[in-house]
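There's a structure below that I have some questions on.
Note that the chains are named A, B, C and D in the order they appear, and that numbering of residues resets to 1 at the start of each chain.
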Amino acid sequence: MTGPVLSVRNIEKSFGGIRAVRGVSFDVRKGEVLGLIGPNGSGKSTLFNCILGQLLPDAGEVSVNGRPVSGLRASHLNRLGVGRTFQQLSVFPKMTVLDNIILAGQEHHGTMLSRLFGAPDAGLTQEAERMIAFFRLNHLRDELAGSLSYGQQKLVDAAMAFMAGPSLVLLDEPAGGVNLTMLSHFKDRLAAYNAEHGTTFVVIEHNMEFVMSLCTRIIVLAEGAIIAEGTPEEIRSNPTVIDAYLGG
Amino acid sequence: MSQFLQVLLSGLATGAVYALVAIGFTLVWQAAQTVNFAQGEFVMLPAFFVLVGMNWLGLSFWISLLFGLAVSVLLLGLVFKKLVVEPILPHGGITLIIATMALGILLKESAKEFYGAEAQPFPALFPGDPINILGAAVSLRDLMNLAISLGVVMLLTLFLNRTRTGRCMQATAQNPGVAEILGVDVKRMVLYTFLINAALAALASFLITPVYLAKFSNGETLGLIAFIAAIVGGFNQIRGALVGGLLIGVLDNLTATYVTAQYRAALPLILLIAIILLRPQGIMGTSEGRTV
Amino acid sequence: MRVPWRLLAVLLLLAAAILIPLGQKNYLIYVLTSWLIFSIAAMGLNLTLGYAGQISLAQASFMAIGAYTTALMTLAGWHWLVALPIGLVLCFVVGLVLGYPALRVKGHFLAFVTLAFNTLVFLLLRNEEWLTGGTYGLSGMPRPDLGLFSTDKQLSFYYFTLGVAVIAALAMWGIVRSPWGRAFKALRENPVRAESLGVDTRRVTLLAFAIGSAYGGLAGALVTPLVQFIEPGSFGLAHSLRVLLMVVVGGAGSFFGPFIGAAVVILLPEVLRFTEGYYLIIYSGLVIVMLVFVPSGLIGIWGRLRDRFRPQRQMRGDMPEGARLP
Amino acid sequence: MKSYAVLLGVAFALSAGAPAQAADTIKLGMVAELSGAGAPAGTNWRDGAKLAVSEINAAGGILGKKVEMPEFDTQTDPQVSRALVQKAIDDGVVAIIGTVYSGSTMVNMLVAKQNSIPQFVGSEAPAIVEKGNPFVYRTSSGAQKGVPALTPYFKDTLKAKKVGVAWVNNEFGKGGRTVFLAEMKKAGIEVVADVASEQAQTDYAADIAKLKSAGPDAVFVYMNQEESARFLIEARKQALPMPLVGEVTLTEAKVIELAGPAAEGAIAHVGVTATATEVPGIAAFSKAFEESFKRKPTHDAIKGYVGVWATKYVTEKVGKVDGEAFAKAMSGLCLKVADHPKMLLDTCWDNRGEMSRPSFMVQVKNGAPVVIGTVPAN
């Protein structure tokens, strides 16, 4: 694959006269871990939602592996190889961890009819077990997802996002509300997954420590536009970024 | 020509009453995200309250109308909101919709058990004597139905757009969360909506029952027609419900006269399916704001 | 050792269903048969309402499609077993065609479309006399003869219906446990997350509605040989509403709910006979009260009782960090 | 793990048997539309029958046994009615009294037939007696007898050349309309407007407009009570000029009450009417009914009343409770008022259960139906 995995071109989005995103463009190459940061109200959530198709941009285009995706429904986008995690807890609380993870893979296996009449696990149990082992969740395999701790649920959420073997995963504030021990385990797993599978990540995050240590490249947004872009080291020392954060 | 005019005018007169019911339905939909499947029964019942006032309490007809209106607003507005909608809404929209279906049965059967299964005559508000307009016989009653319905729609629109309370109600309907932040007493506004709905239903009841006769089963078709009018016209618009009501009233009569009487009941239904297929936001509706 | 218990209970009930009608009068057997038939219809609607969260008000119409298809075909000399699949496929296809436009739009549009459809079907059945016999309906349909087992007697027809109901229930069991059923459960618990994992809400819901409709057709196909007379009035909106309330009363979304709901609706007039005309008032009033306090239906009452007498499963507390953010 | 306890309870509740019946009473099964759309007709039917039962018991019962009449509410649902006829028979009734709605009767008469139980019905659809069922008997003439009785009125009295027909599109209305069309064809009268309306229809503007522009000499109106009343109200509004002629319903007291002045001048052929008070039996019946139920009897009340009395007369003629013998006795039977006063009028049944008796032409004058002519039994 030669072209960028994710390509964002001149995205514009206004809400009743307020220009939330002003002509943002960037590319993400295969295997990159891109951090998207910015102060509150910088437009990063709007941009994120435009990429995910939740919002229709006023102008510009988002394409994944060269295919325009604006306005696609979430399930369609997922089938094009885009996985995501959620800011809020997003597991299926009354299903077991194993079932949660099998579910995350099954829509990519077979047809609707084979899902109706085929094997009850859609042939995914082994794959799901591997994913569980990868995130070190073995002891929780048969627990109801809703009975897990907050951090554990975040892990399950991430495992689900990876289950379909996506080419691009969008992580929406993965570190929010997770304690330190758990966080380092989480970061370790994400990095390992990226290293093993070469999956591209786009991370939106407030926790600077987490972003700086996980990402290979960072884009800083302020007032709807890109104000800086570079490696974590470059961003850390960029005076514009520091101004934007301090100036609010 | 006189036949066409006759059918058109009669259709408008009936449609105007459908519109009243549809508007109430739309208001409740906006305020509480509730599809009230008992709406037809809400129109059937006020006439019986009036009959109770006249025949059991011995009140005069006009006093009974006020009595009927008051009881309707109390029972179908306040009590409905407090005893059915408020406790069930947290369980989800579907649960509430089903509850209103059960409520429809409850009201219908109650009217039957307490006032009898047979239709009852209901005094006319206006004389039904025909007036000849270009060969079409139109009664004062028809004209008054039309005038009152249009007048009420106009007053209601003025109220919603020009008064503070009205604007607060609109804000509540559009975004209760934001309305709350802006200091609107959301609960009170929702309650007002229910009271207005009950009053509109009572008014519709008083206008049509002289011709339709008071009968426990009257709500069945009326409720259905009201939804259809609301959806066809556009769910999020008062004028949508008005247009929908008039349209259905006229089309129903035209179909019965010129196309087929056997399938006259099918026309509104086909219209409904076509609208959902082609223009789900309704004829007058805007697609935004219909994110329910 | 939880599974054998449940299995045992189901087997016990099945044994009861086999033994109870023996030596009973025709009326009771008739009531039991219609209980089974309505249970099948309610099972189908449960898939639409309980699992997919969409209101359908056309279950009686699908029963009508099933009933008229089998009636016309058996009257023309075809075997019931040949007519049945055709009726089912017809219901399934009609379900797809009907559900497609309604499910494209968010909201409760399926309720309105099915409401309209139910009345349309009634009008068609009444007006197209050349095919359906109009208001006079169709009569004299033979009961299926299964070679060694003739269903002409009331009791043998009951066992035949029981057999069909058991097969239908097993199929439903398979459906809700399949990967497709899992997608369904996921949709119910967290639709946004499910969509983001590739679950196509519209298609899954549409399929649920179509399968639910086919169950309605199956119930209708059994009505034909049971009553041996069908007419449009037996498939009106009131009947759709009745099936809907069965699902709700029993417990929408639970596997056994429809059986309980159907039993309640069929038997309640018997139990409340002493109240004469008031039973519908009492019934609908009870439904509203139930929706206020136990929206999950009679099954939900049972669940609550169970929770009261049994200690709840402990939440895992080994990693209690992280505020449970809203 | 959830529901078996509940299911089990239900199952055992079901298995409770029916109570044993006492041998010194005779049970008649009142299977009628006590709720649902048919409730007005059904309750009148029941109350007429109730009056007959109390009179019969006061006069010593049937074959010296006291009469009981358990009630079964069909909810105006044909399938329920079928189940209830079965239940009534399981409970040991010797005759079924009901149902009134033809749609229900068509279904449940099969059950009574299978069990050889006589059944008096209030239904008027032609199809009921066309099924060769020897156990079903009408309590009023079917449409195919009642409607033809009108033909001479259209032809000779009104001298109509072209007529219109407005009918309610259910099995009742359709039956009447079919017979009417055939009759008009026979009589050489042209039908220029054929207007169907829905059951429970409320808006008759289009129907009347159509009739008005077709301009027939007279209109035949064949609808249920409320529909008739709404039709009359709209007809008056649009000043429909020609005579409106109905069969039975159009001049009923309820219709007159509902339609008010709009009912003035409406004409109907009535099989047996509570207004025909010059017939002594009918006058006495009306009086007794009003005393018991505080309202005027309807056509359906008279039918229920006659049905129960006929059960008594015929059972006593046979001398025992025996469905087969009852059916044999009914075939071609005539009950003369002279010997059987409670039949109210001389009544005969043919071998199919169709009934005939003298009937009346009635017109609404000054808000009350007045007999304007008598039609002999046909």
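What we mean here is this: contacts are C-beta pairs under 8 Å (C-beta built on N, C-alpha and C of every residue); 3 or more make two chains touch, one makes a residue touch a chain.
Small disclaimer: the values here were computed from a predicted structure and weren't measured.
Distance from the centre of subunit B peaks at A, each centre being the average of the chain's Cα atoms. Here the CA centre of subunit B is 36 Å from the CA centre of subunit D.
Rounded to whole angstrom, the centroid-to-centroid distance between subunit B and subunit C, based on C-alpha atoms, equals 32 Å. Centre-to-centre, using mean CA coordinates, subunit A is 48 Å away from subunit B. Listed for subunit B are residues 109, 112, 220, 262, 265, each touching two or more other chains.
Residues of subunit D in contact with two or more other chains: 35, 169. Interface note: chains touch in the pairs A-C, B-C, B-D, C-D. Listing the residues of subunit C that touch subunit D in their complex gives 2, 5-6, 9-10, 12-13, 16-17, 20, 24-28, 30-32, 34, 126-127, 134-137, 139, 223, 227-229, 231, 233-234, 251, 254-257, 259-260, 263-264, 267, 269, 271, 276-277, 280, 298-299, 302-303. Those residues of subunit D whose C-beta lies close enough to touch subunit B in the complex are 35, 37, 39-40, 43, 169, 195-198, 200, 202-203, 205-207, 209-210, 212-213, 225-226, 229-230, 233-234, 236-239, 254, 257-258, 260. Within the complex formed with subunit D, the subunit B residues making contact are 2-3, 6-7, 10-11, 14, 109, 112, 117-121, 128-130, 137, 139, 208, 211-213, 215, 217-218, 220-221, 249, 252-254, 256-257, 261-262, 264-265.
Those residues of subunit C that touch subunit A in the complex are listed here as 175, 177-180, 182-183, 185-186, 189-190, 192-201, 203-204, 207, 313, 315-316, 318-326. Against subunit B, in their complex, subunit C makes its touches with residues 49, 53, 55, 101-102, 104-109, 111-113, 115-117, 119-120, 123, 127, 237, 241, 244-245, 248, 277-278, 280-281, 283-285, 287-288, 291-292, 295.
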